[in-house]
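Pasting in a structure now, in structure tokens, and then I'll have a few things to ask.
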Amino acid sequence: MSDQLEQALEAAFAEATRRYQGRGFQRRVGFGNRPALISVDLANAWTRAGNAFACEHMDDRIIPAMQALLEGFRRYHLPVVHVTTCYEITDRNNINTDMGLWHKKIPVETVNQADSQAWAIDSRIAPIEGELTLIKKRASAFHGTYLGGYLRSAGVDTILVTGVTASACVRETICDGIADGFHTIAVKEAIGDRIPGAVLWNLFDIDAKFADVETVETCLAYLDRVGRTQKAEQPVVA
Amino acid sequence: MSDQLEQALEAAFAEATRRYQGRGFQRRVGFGNRPALISVDLANAWTRAGNAFACEHMDDRIIPAMQALLEGFRRYHLPVVHVTTCYEITDRNNINTDMGLWHKKIPVETVNQADSQAWAIDSRIAPIEGELTLIKKRASAFHGTYLGGYLRSAGVDTILVTGVTASACVRETICDGIADGFHTIAVKEAIGDRIPGAVLWNLFDIDAKFADVETVETCLAYLDRVGRTQKAEQPVVA
Amino acid sequence: MSDQLEQALEAAFAEATRRYQGRGFQRRVGFGNRPALISVDLANAWTRAGNAFACEHMDDRIIPAMQALLEGFRRYHLPVVHVTTCYEITDRNNINTDMGLWHKKIPVETVNQADSQAWAIDSRIAPIEGELTLIKKRASAFHGTYLGGYLRSAGVDTILVTGVTASACVRETICDGIADGFHTIAVKEAIGDRIPGAVLWNLFDIDAKFADVETVETCLAYLDRVGRTQKAEQPVVA
Amino acid sequence: MSDQLEQALEAAFAEATRRYQGRGFQRRVGFGNRPALISVDLANAWTRAGNAFACEHMDDRIIPAMQALLEGFRRYHLPVVHVTTCYEITDRNNINTDMGLWHKKIPVETVNQADSQAWAIDSRIAPIEGELTLIKKRASAFHGTYLGGYLRSAGVDTILVTGVTASACVRETICDGIADGFHTIAVKEAIGDRIPGAVLWNLFDIDAKFADVETVETCLAYLDRVGRTQKAEQPVVA
């Protein structure tokens, strides 16, 4: 990202913050009592170079941030959902395709379900036993999936969202998350994109209206706080 | 089913029909212009004897009815969705299971995703290329799935629903179908269950309030009528 | 309901129970830790004689049961949602109607939003301040409404469902309830219908697969148990 | 908006466009055959100065654009949905509020359902008979509402989205629109926000991935093309 863009955006955010604060935006939703990690599209077609969907800062920032988060969630046996995207019918001329209309905007025809390597979660952060892999067809991890009902039944009240991209699947997942009644946290270092500025302006909008943007460090400290309680507790019903 | 039960139900339905007709229930939703076939849970765990979910009248009625319907849909390249059910985590003690709370009512723990034989569509009516296999986690084929959005993008306005069971997944799919704005048809011979009377009373409720119950013969005649038009038409947008 | 029908159904249920028990159905979902009351369509068009939607056993059974339940929920400031149904456009020839396709099956054109008397909750169980009135357009109180997201944000894990009818709106609400991850309870005496047998066969299906059917007395005892805890607790987040 | 910001964003968009084009993004979804107008939050609390939610460019740009669009939709009796937002319980200390968790980020407590002036559609673009007013609780006009099912039953395959804000309710509505299978169009002059740059960066993201951004003029020409056909056609079902 150019210095000029970053400076211009920071100036715009400062002015927007002034307006937002005067009107009651940019409040804190806060962390709840039982979190799940929702990791969006950190599959090879997004994490590895050479794909249409490949994103930036995977190796130096996003994957290491995810590894730290996974360690925290696994330590306390908290739910982890690895979300990915693929399609059974990727022939763009077939009106019956499960891509719906989305291939008319973006190259979703590049992730065919039969090519499991493309949509498999990156091996550096691969699911372990007891963690779900959820295939979605649209941007939001909630849209057209069982995620909302699943999280409720698992007693989750808080979601930490990571992955790519800030301007599409991560943002949509976050907006649906708070809409569905979950304390929603965007984990700053673990979110990426593929064009200059998109992470900045999307996280700004998100923090103003939908979720708290927090660092990995803050999230790990929260996991330590809440995780210890989880282990001691048995789910007892009345 | 005992004669006594059948007679008692028919008498009840006659009285109910008298009341319903006087109040404007039991109307016809009718067929629309572009149908899809939604076949619910005709997978081995439901179609083959010896499973917790095994249903009655598979070989003598439901599978042959489905074969006739599939031939009709395939002749005109109309969309077919084969719906099945399975879970990644079937340990009932794991609160993080994708079974949600449903295992607390019925034995969903018997269909693990790793055991693909259990949830594979019955080979006598197996999907062919270009037909979708949709995995659901709950009763309705619409709940927590991409089905509604998919059907809209495929230009579908009518769904023919088949499969098992009348008292759960088929009924829920039908109720969601009309709720989502689709002309919804329950195909009489292609719907089953595993307890006496359940097909009768559920199809009665469905026909009164949610969908038209029609025979395979009526549905095939409809496909011939509407299918010919489909082939001639190209999807043109303004 | 005729004795013949009741006897025939009881015999069928006995046989079905034998099969279900052998296969792991009819389990108990149980009560959770924080309940909401979801009361479906107990509005004048359903509770008062002379309407197309009028149901039976309102005065002698359902309204008294609801009054007892409301007292329990109000004692502990637990959430109550009064669900009703109405439409802005009830001209059946207008394709743009918010009735969708449902008027093609049942007489929903009889509840126009402008006629608030028709869809107002029955005055004997009227909402008090702090209780929500939710307008739905379809059978399920969850379908096309904010109910699921609302309940999650309110920390609810259990829903007690009441109202009419057993064969449509109550059943659909219950099926969606457990699908969305809520411990779902059908309150026996507070559920009705308008045709003979429909309450019996629908509650049988529901108890086998979707929710526990419990008496008002059992539910009130539960509220006393769990309500006391609620009052003492402050919602604390990590 | 400062010249510096505009120039920096245009430079960033140029670079992003280069990348997107090389990878198959920024395609055209196109117009379909039957459109609806979805106008988001053009109610007094958003259109009139002095409210927490008040937006910019109402009088000089957005309201006139909406008036032109409404004339086009009304000429051909095409469906119009006026979306607005309000809440029954706006006490932020009440955990049972229908605001869910959203009041923890933005000042939704300022639009109480009892204050109908606040959430009424601006009188300059007020609904006429046959047009729906849809109350939502969250950002997207689809989330927790009957909009998706309604549009399907009305035979709609295309939505033109207008209103405020680009960074929240309009963007979420658009993302859900294409996800649900609708050809989705963002009408450029009829979309606003309340902070500098937000319209620019959100429309850029939207056009790249979710919807076509089109001018009022292009939309009106489309209405003339497609509207004439609508009038001649009777909805015939097979």
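In order of appearance the chains are A, B, C and D, and numbering begins at 1 in each one.
FYI, contacts are C-beta pairs under 8 Å (C-beta built on N, C-alpha and C of every residue); 3 or more make two chains touch, one makes a residue touch a chain.
Everything numeric in this text was worked out from a predicted model, so none of it was measured.
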item	value
Neighbouring chains shared between subunit B and subunit C, ordered by label	A, D
Geometric centre distance via CA averages, subunit D-subunit B, whole Å	35
Approximate Å spacing (C-alpha centroids) for the pair subunit A, subunit B	34
For subunit A, residues that touch 2 or more chains besides their own	30, 100-101, 138, 143-144, 148-150, 152-155, 179, 181-183
Chain-level touch network, classified as line, ring, star, complete or other	complete
Subunit B partner contacts - residues on subunit C that touch it in the complex	1-2, 4-5, 7-9, 11-12, 15-16, 19-20, 23-30, 52-53, 100-107, 110, 138-140, 143-144, 167-168, 172, 175-176, 178-179, 181-183, 194-198, 201-202, 205, 208-211
Subunit A residues touching subunit B - in the complex, by the definition given at the top	77, 79, 88-89, 94-98, 100-101, 130, 132-133, 136-138, 143-150, 152-155, 235
Of subunit A, residues touching subunit C in the complex	30-33, 148-155, 157, 179-183, 222, 225-226, 236-238
